[in-house]
Amino acid sequence: MSMQAETFKSLVRGAAEQVIASAPELTSLDQAIGDGDHGTNMKRGCEAVLGKLDAISAQPLDEALKMIGKTLVMTVGGASGPLYGSFFLAAGEALSHDKHLPEDLADVFGSGVSAVSARGRSQAGEKTMLDVLVPVLETLKTAAGQPDLIARVRSTAAEAVERTAPMQATKGRASFLGARSVGHVDPGARSSCVLVQAVCASLEGKQ
Amino acid sequence: MSMQAETFKSLVRGAAEQVIASAPELTSLDQAIGDGDHGTNMKRGCEAVLGKLDAISAQPLDEALKMIGKTLVMTVGGASGPLYGSFFLAAGEALSHDKHLPEDLADVFGSGVSAVSARGRSQAGEKTMLDVLVPVLETLKTAAGQPDLIARVRSTAAEAVERTAPMQATKGRASFLGARSVGHVDPGARSSCVLVQAVCASLEGKQ
Amino acid sequence: MKKFINSVDSVLAESLDGFAAAHADLVALGAERKFVRRCELNPRKVALVSGGGSGHEPLHAGFVGYGMLDAACPGQVFTSPTPDQIVEAAQAVAGDAGVLFIVKNYAGDRMNFEMAAEIAEGRIATVVTDDDVAVENSTHSSGRRGVAGTLIVEKIVGAAAEKGLNLEGCVALGERVNTRTRSMGVALTSCTVPAAGTPTFSLGEDEMEMGVGIHGEPGRRRVKLERADAIADEIAAAIVQDLDARAGAEALLFVNGFGGTPTIELYLMYNAARRMLEKRGLRIARSLVGSFVTSLDMAGCSLTVSLLDSEATALWDHPVRTAALKW
Amino acid sequence: MKKFINSVDSVLAESLDGFAAAHADLVALGAERKFVRRCELNPRKVALVSGGGSGHEPLHAGFVGYGMLDAACPGQVFTSPTPDQIVEAAQAVAGDAGVLFIVKNYAGDRMNFEMAAEIAEGRIATVVTDDDVAVENSTHSSGRRGVAGTLIVEKIVGAAAEKGLNLEGCVALGERVNTRTRSMGVALTSCTVPAAGTPTFSLGEDEMEMGVGIHGEPGRRRVKLERADAIADEIAAAIVQDLDARAGAEALLFVNGFGGTPTIELYLMYNAARRMLEKRGLRIARSLVGSFVTSLDMAGCSLTVSLLDSEATALWDHPVRTAALKW
């Protein structure tokens, strides 16, 4: 494994803390087109991950990701729990089968995205977290190996989340609103963006 | 009977209409130290009396007063229904037994007041309608036959109702408030004042 | 005022019509909606008649049926029923064993039931409930209010009447249960009487009314909103002090919602109240949680504790088949 | 936010503890409060497991007991339970006849129950409820929400399971009942999620949210507050149009309060709804009125209509012994 346990640990901690810090924003986005719990859900999950962080980072990377996935599945609940959980479980699974970081980053991330899509029976364009995850995956593919990869991922995520505002939701709780879902940023897209940005920030700090 | 049916009818109509007009005030007084229904209760009773006014005024005066009493008992409910009902039933009863108007006015009114006191197990000084009815009865006695009787009754009632404000209630719903009942005019005292004043106004108009 | 109504004048009539239609298997409405009575009467038992102002639903009409009341007289909102209602209800359900009136201690209720007892024929007796410990200064001469504990008196005496207890026995039992029952409530918001159109009182965002009555009457005092445990502790202390129960005594704990407080909060309060009562030596042997003695749309709740003995427990457990209580 | 709570983090745990203590004769709480299950299990019947976000009390835990559910998994407020909760509940109550999951149609509920079904051992089948007709545009691909009609599915399938119906039969029956059941709700005020601390939405003094969801999700549209009859008429029309019932069809009418609306108003709405449905040719043969599928402290209500046949009627009438429904 090319990534050191300490680095991984601080990366996970940074990401979890970022999500916890943005919980009020996520909740208020969810109040607008959902049921007002996305921030609380993600905070609960991230706190659970932080609580197990020593055990998680003591594992090899593939197992560590699966442990994160399992922890999220068991603590987040709602729609985001199984989805983020499936993402990390699948990413960990990919690393257990011949994939390596950093060279296979796009593939590993892609496994996670596919798992979200399969679990949610959803795809980009439906005003969900996939509207951030899929564009980020595209950038990971097209800009792989480029020196500005991290910067491009950051701007991709930031732009993608804004593009969910004009969309009409066809999956998740916001879909029940029909046309009234238009004009609001999707909370799950926002939490995905927060996660991606936090990982980017950690990697940048390290560079 | 010295009072003509038409005069009696317009007197009752005037009194009932005055109470109906003051229903919002009675209710808001009752919201402060009771349960907020005194105006509605009195309005319902007075409307019922108005609805039967032809039949009531077709009776001899004693029967007419009893009919008013019965109507109030059957429609007002709450504490004020049995009390005002008993007042008119007893006043009518007094007229059926050797009392005559106008010469026995104080006696007839006194029968009504005694009935309220008996039904309510209450007396003046407990922050109830009796704190208007009893002083009015006193004035009817002491000023009987005087030319300014009506004016003195009016001012007695007006002053008496204000004197309920500093009292602490020991009967009725306001008694549950203990010291917190102090500082508010009693709603039943106010409705008694409205009734007395309305009768006075009718009699003045006639003079 | 945000309510499901058509007009403030017809709230009671329409709600009663709905109640009677929804529970036509259990109850029937008297002429002019003067009372609600059981469909199936038992002429050999003592007939229980209660009533009071409306706005406390399901009290009392929701407790009409096997094992509890025979009839209930709904007055206008927060206004005692009139004597004619009570007389007609008594006549409709009276059998050979006499009629028991169960009356909450309010001047209006007492006087209207008293007038009815004077008018109605046949043997009539009355039990007055006055379980509210909120009013500390008992020097005032009206005594205490009858509140949620009335449900317990109606349930236990109802079961005894069903089992054949005579009128004197029912009076004695009702008085005994009432004496062993205490309640106190707290409001987080006011109720709004439909005909009044505005809230009876107003509380700040961080205030509560401790010791509130079920008609929105002010209580002990207005205080800062507290944690559930602190609220439960204060009420439990007031109740236990007044009940003067021996340690280890068995009790029924009834957590009652006022109409605007949801079930999730009532069970949380039950959890708090139970701990506070156990801390003071009571053993909670029976429980009831729900909005049974309401105050229109008021957010708030009351705690009621009733000391049990084996007779009361057996009567509480006795089957009951009413719109609001069934077991 | 005015609620009876100690801390926003412990609302659910404390409320569940209270629920389990108050109903210890009927239910037991699983380890770490992962589920609520019946005290007395019958290993020969199909085991019914439901669950979902909390804040809808008494749904679902209040329906655990004889004749209805075997276990319920309470998620955090408005948050589906996690797969481990569901798996452990299924394992705790599964007998020889398999396990039926009854799941309201929300992405979160469906995915968590789906993951549980993938993990758990033994035969598992799932019925999804989606009775809410509020969302007019059915082109969106998530389908409809499962709301108060879920109670009816749980009651009827619960009775059938008790009588020995096998897993396939329970699935078919559940789907049939769901297909014949429609609901729609209206909010007069928002709910407040404890952890959020502020109302989910805000309505003007004269506004209501027509077609609201049970999590405070916006509905069809925000309109001026109307009279009860007009509200009942609009909802009845939406339901009847969607049900496509033949004239004279027998139906169950369920008027459900959202938590902040008192009983007096619910019966008034029942009265209005019944008239509006009869006007449209339905015959109301069974009724349920009360706050059973709530949305925390939201003021509002929903109407549910379920078409009955003799089988469904008999199963509805079958005895039930749970904390919230008993007959």
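Here the chain labels run A, B, C and D in written order, and each chain numbers its own residues starting at 1.
Note that a contact is a pair of C-beta atoms (placed from the backbone, for glycine too) under 8 Å apart; a residue touches a chain by one contact, two chains touch by 3 or more.
Since this is a predicted model, take the numbers as computed values, not measurements.
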Distance from the mean Cα position of chain C to that of chain A, given in whole angstrom: 54
Gap in Å, rounded to a whole number, between the CA centres of chain C and chain B: 32
Residues of chain C touching at least two other chains: none
Chain-level touch network, classified as line, ring, star, complete or other: line
In contact (per the touch rule at the top): chain pairs: A-D, B-C, C-D
Chain D residues touching chain A - in the complex, by the definition given at the top: 53, 75-84, 106-108, 111-112, 114-115, 132, 134-137, 140-142, 144-145, 193, 195-196, 198, 200-201, 213, 215-218
Complex contact set, residues of chain B against chain C: 27-28, 31, 33-37, 39-41, 44, 73-83, 119-120, 126, 168-173, 175-180
Residues of chain C defined as touching chain D within the complex: 2-7, 11-12, 14-19, 21-23, 54-55, 57-58, 62, 188-189, 205, 208, 225, 227-229, 231, 259-272, 274, 284, 287-289, 291, 294, 296-297, 299, 301, 326-327
